[in-house]
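Naming follows writing order (A, B, C, D and E), and every chain is counted from residue 1.
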Amino acid sequence: MSIILRKIYHTGLIALLLTLGVVAERVGLIEYLSDPYEYPYIVKLLYQHLYLVGVSMALATGLGLLIGIALTRRRLRRFAGVVMYIVSLGQTIPSLAVLALMMSVLGIGSRTAIFALFVYSILPIARNTLAGITSVSPAMIDAAKGMGMPDWRILLEVELPNAMTVILTGFRVALVINIGTTALAYLIGAGGLGDLIFTGINLMQTEKLLAGAIPTTLLALLGDFLCTILSLLLVSRGLRLADSQ
Amino acid sequence: SPLIVGGKNYTEQYILAECAQILLEDAGIEAKTKTGVGSALARKSLVNAQFDLYFEYTGTAYTVYYEQDDQAVMTHPDKVYEWVKSHDADKNLVWLDPIQFNNTYTLMMREKQADALGITSISDFGAYVDDNPDELLFATDVEFWERPDGFKALMRTYDFRMPIDQIKKMSTGLTYKALREGQADVAMGFSTDGRIAAFGFVLLEDDKQFFPVYNPAPVVRKDVLEQYPEIRDILKPLAQKLDTNQMQQLNKAVDVDHKELKAVATQWLQDNGLIE
Amino acid sequence: MDILGFLQSNADQALYLTWEHMWIVGLSVGIATVIGVPVGILITKYETLAKRVINAANIFMTIPSIALFGLMLPMLSLFGHGLGKVPAVIALVLYSQLPIIRNTYVAIKNVPPAVVNAGRGMGMSNWQLLKEVELPIAIPVILAGLRTAAVMNIGIAAIATFVGAGGLGVYIQQGIDRVYDEMIVAGAILVSVFAIVVDGGMAGIEHALTPKGLKIQRKQSK
Amino acid sequence: MITYDSVSKIYGSGPGAVTALDNVSFHIEKGEVVVFLGPSGCGKTTTLRLTNRLDSITRGTITIGGRDINEQDPVRLRQSMGYVIQEIGLFPNKTIAQNIAVVPRMLGWSKDKISERTDELLRMVQLDPALYRDRYPAELSGGQQQRIGVARGLAADPEILLMDEPFGAIDPINREQIQDEFLKVQEKLKKTIAFVSHDIHEAIKMGDKIALFSEGRLIQYDTPEMILTQPKNKFVADFVGSDRALKVLGLMRVRDAMNPVPLNIIQGDTLAPAAIGFLEEKKRRYGVVVDGGKPVGFVSLKDLKFETGPVRDVATPFPVMAQGRQPLRDALSMMLMHDLILLCVIDGNGDFIGTVSYQNIQRAILDVYSDETEDRDVTR
Amino acid sequence: MITYDSVSKIYGSGPGAVTALDNVSFHIEKGEVVVFLGPSGCGKTTTLRLTNRLDSITRGTITIGGRDINEQDPVRLRQSMGYVIQEIGLFPNKTIAQNIAVVPRMLGWSKDKISERTDELLRMVQLDPALYRDRYPAELSGGQQQRIGVARGLAADPEILLMDEPFGAIDPINREQIQDEFLKVQEKLKKTIAFVSHDIHEAIKMGDKIALFSEGRLIQYDTPEMILTQPKNKFVADFVGSDRALKVLGLMRVRDAMNPVPLNIIQGDTLAPAAIGFLEEKKRRYGVVVDGGKPVGFVSLKDLKFETGPVRDVATPFPVMAQGRQPLRDALSMMLMHDLILLCVIDGNGDFIGTVSYQNIQRAILDVYSDETEDRDVTR
């Protein structure tokens, strides 16, 4: 049964790739991408996209970790519930609305976009940092305390390493959403690959549409993949072993 | 099922769609609006029967859909209307009576800066850009940038080249805001937009007659018109009553005064005795 | 800013757009459930498939929504549905698959083996086991997946306005173009309130459908 | 009833294969309790799971009542035997009553009959039905849950019971009670029971036979007495422990070892001089004074010397007495602790029924170990 | 070393408050192992956690070496004592070696010293360093993990050790070994140890003293012998069990109870007639034959009657002999099983060192139970 299913799956995958290739050729995507005048423009948009994602994610990761960690400290722990509730309310606002709202306050341009992306990406990172650290087993913390570990050491050696899987999941969600939302940044004059996508949608120029949508998708998949690599680097083998059991 | 009155993604189109919908309903034809898409998509939607009717501009059809650039035709309202009407007839699309205003693309500047730089026409602008390529920022939407009657082609016609980094692309209606707030020095606009006057922008003269004439007209699929032949007469008053000035006023009422669309449309139709 | 005033004077339209939004999300979550839950159950029986299916769902989830609309546009246009609610619903169904399939899979997998063994040892058939033991125990987690999917879809549906799907995204899009802050905020608030209400409602359903015995168990393990 | 014929079970294949059971053959008689005993991982659970086809046999056959289990529908087969699993495995979504009722419900019993049966079982496992019927498993302590597991296994009154460490999580005091209760029920119902344990004491107490496993092999299959007295090899001897004689004592009751008619009984109203005469005649230094069937105490020749009244007034009360139904082990402990060479035994009413001495205890052990005792007379 | 002075601990407040410890006072001497014993939930863990300030004391004081712990920096305090927690709590992100090295690393030990120490500790808990050093906790069985927990607690060689059921998850055989190993180490290092257990056997074996808790109160604080022989009340008596005299026997070694200079020793080369004379003089029916310091067997007057050669040729070999360091309990078991009234005791080399009789055993128990035994001479 499963062997047959696997065969079907493989065949389907190959067929899909072939079809995609043919379609790309037909809609002129390949021609468009190799146009020496358009090509640098696409690169520029890609660069803009990466820039928006990179800067906003860097800021969000820093602040998100900080908030998450702070809310697990003894003195602030009682605010964790309230803060996280607000945060989760924040996350019900659609990304498009966040961009639009920021635009109406801060005006047009990439700085606004970065700020909006930054705000929107803090949420999952902070939430998962909090959840990850909170879920570290109290027995482990007790063991660490009982050995006389100072708090900062417990944070660095026990809490963060053991929360890393969850934190990375948050980072990954933030990154993927961020890359997707950046595709909307064109609307407020911040550029990025959304430029091509919207051109394509508005003018029904499939090659441009795909020239925008495919790199955006690949970028998101790449980000996802990057997180997998990151988790190999940052999550202790001991934890992965424990999970696989 | 109700008649779908389509519309593109800017205010004038919302108003026109709204007016048409009110008139149709008033005449007892159930109708509803569906707006917010780019030009090409609007057109495609009409062909694919996802719209039954929407207002298209003669120049747009001529240059974008038929990719024509005969100056003799496109700068002449009647000629271009007849041209697209007859060509579209082959595609089972019927152009009804055109409305008598020209909503052309235009380049706008803040009055002060235009005066300071001594720019009054697109030629001036082109020359200035060629001299100071890294100075002026230009705000446009993606559609105007790409279209055959858009900025790329315009630069060719006027023979200047603006560096890509000076072009700021954004959502269609934001160019006015960008220009007003100084995030752009020159912006694409629509000549009937109420914000041009309200924000004190000057329009650069199209001294090389680059833009065609853009008279809006309701375009209907033939099968729809056959089903509801009365549409032609229902929408006729729009063509007779709506002029450039009035359109600007309506646009202004929505964009600047933030009046509600339906209210604005209803008010105008009442004022002109088109509905009770 | 006078959001209330705006909503008052546009009550009809606001209601209509909300209804439209609801309709898109409801339909897509409905379809996604009908597909996702059985698939989730099925892959617990075929482990090799499970990883692939979840990976595939993960890939769909990773595709940025505006890009997915873009990618679907030319394809669906071939059938004359590039625009409007069809691409919106299809995209939302695809996005919902990951949370629904994954939660169903995980929920059923997490039913303690001791319980399954006990049931089997008592002579329950596979179907009886699923109906009487596995599903009741898994239901809270499955519903949590639906909840995630619904809330997420509400946000994504707002973006579907760019392919003419309507819904509350219209307010945000028009608000941007008309530089009309009240409109943007009204749109954002309506979407958020909608999401919060759905979230709360689903949480309520989740609570109501969780077997009492499980609730007690969960309370204790806290 | 159940016959295991050269049964082997191998999990996995290739280099990673685990031989969980290795060519095991034995037979469980109808109405018998067989305890599967052995260290962790020796294959006890595996044997049970093969019996109700939760796992499939690699080699060999298991027949029940003469029929090969592989020829029976597994669902039917399982419904025909009760299974109490090691991990308890109550359904957390069902109440206690619903948990117990699962099999009866599948078998289509009437509602009334099910509810009656549920209450009966709850009482059997020492839980008040009114209090526990409608609770959920999560509201019970580990030990209580395990008892529900046992009740669930018994629910449909199956002929055969497979019980995997059914009393492991119950605290010692309750466990003792439930074991007793269970034995009482078993005495009446005479089920055929395969009972897994890793506790030698429990095995001795519960088992008609013990099957001792090690690393998948059946090392010895015998009665508890034989396992204790004639361990087949060092593994068995080690497993039952070097104090196994004391364990044997745990098996026996005081009343079985006592001397029911000791020679030195003196009635309470006997006068002291007469008592002296009696004791000297019997060549005893002590007498046990019994008055109206109740033990009063003891007297020694010395104590009596200058007395004239009835002995009951002179007797020294016993510091401690044994109940006839107490394990012999406790009697030995009392004797050691109170430095007694003779212990008075009473029944539930406090009536004198006999005495126990070291000699009695030894004799009792020797009867059990009869084959090891050729040399016994030598040192005596 | 550690003094608990009227220590109470109340968790929570208002109606939901739980009194986990209720006015507990006792003192742990330097170099002593005190076992905290008691049923589940009686406050054992709480007492440990108060000691290293993982929880704060509600009322009362704890002083260590004369200093109130509340006046010490908690981090310093904890570094000065090893803590083995009940839930094991290894860090899953660290390897075994890293887990053990945590405290030494915090204390700034050199790499070499740490790795040396790690290996030493691994060997102590019966795990091969080469095999286990670089594994992760998830790759170890529950029992092995617990041993690492113990090693981690010992790592920095702290003066004081708090151990919360450190051997609970280890199987009986390994547990025995590790307990022995641990006692050997303790004999040398003389740490001050608070050791939680709920197993009376473990408590008797490991503890210099036992602190028996019930529902937050310290019921009895005494040596194992005193707890066994003089339980303060019914709770303690029940907790130690009705066969406590036999448990006491488990505490004592054969060599401590035996008669090292029995009167009936006959050298192997003694001729039979001389032996008869010797036995008659001593009024014994049996003689133990020893040849070159090794026990050969026993002879009875009957056996010798018609013999003339050296007794070693006539002696009946002993069916069984006891080792001097075996628990007295085993000796009793042997005697019962083999129907011996006298057991020969040898040392590790097989040399004769004494004999044990029921009288010896009883005497040994009586010494322990000295206060309960006013009535002992009465029945003898």
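Here is the rule we go by: a contact is a pair of C-beta atoms (placed from the backbone, for glycine too) under 8 Å apart; a residue touches a chain by one contact, two chains touch by 3 or more.
Here the structure is a predicted model, which means the values were calculated and not measured.
Shared contact partners of chain D and chain E: not a single chain qualifies. Think of each touching pair as a link: the shortest run of links from chain A to chain D has 2 of them. Here the chain pair with the top count of touching C-beta pairs is A-C. Computed from the mean C-alpha positions, the centre of chain B lies at a distance of 39 Å from the centre of chain C.
Our note on geometry: chain C versus chain E, Cα centroid distance of 62 Å, whole angstroms.
Mean C-alpha positions place chain B and chain E at a centre distance of 96 Å. With each centre defined as the average position of its C-alpha atoms, the distance from chain A to chain C rounds to 19 Å.
Of all residues in chain C, those that touch two or more other chains are 77, 162-163, 173, 176, 179. In chain D, no residue touches two or more other chains.
Those residues of chain A in touch with two or more other chains are numbered 103, 187-188, 198, 201, 204.
Applying the touch definition to all chain combinations yields A-B, A-C, A-E, B-C, C-D, D-E. Interface of chain C with chain A (complex): residues 46, 48-49, 52, 58-59, 61-71, 73-74, 77, 151, 154-156, 158-159, 162-163, 169, 172-173, 175-176, 179, 181, 184-185, 187-188, 191-192, 195-196, 199. The residues of chain A lying in touch with chain C in their complex are 1-2, 5-6, 9, 23, 27, 89, 92-98, 100-101, 103-104, 176, 179-181, 183-184, 187-188, 194, 197-198, 200-201, 204, 206, 209-210, 212-214, 216-217, 220-221, 223-224.
Those residues of chain B lying in contact with chain A across their complex are 9, 37-41, 44, 64, 139, 141-143, 145-147, 164, 168-171, 174, 177-178, 181, 183.
Residues 137, 139-140, 142-150, 153, 157-158, 161-162, 164, 235-239, 241-242, 245 of chain A are the ones that touch chain E when the two sit in their complex.
Against chain B, in their complex, chain C makes its touches with residues 9-10, 13, 77, 80-84, 161-164, 166, 170, 173-174, 176-180, 182.
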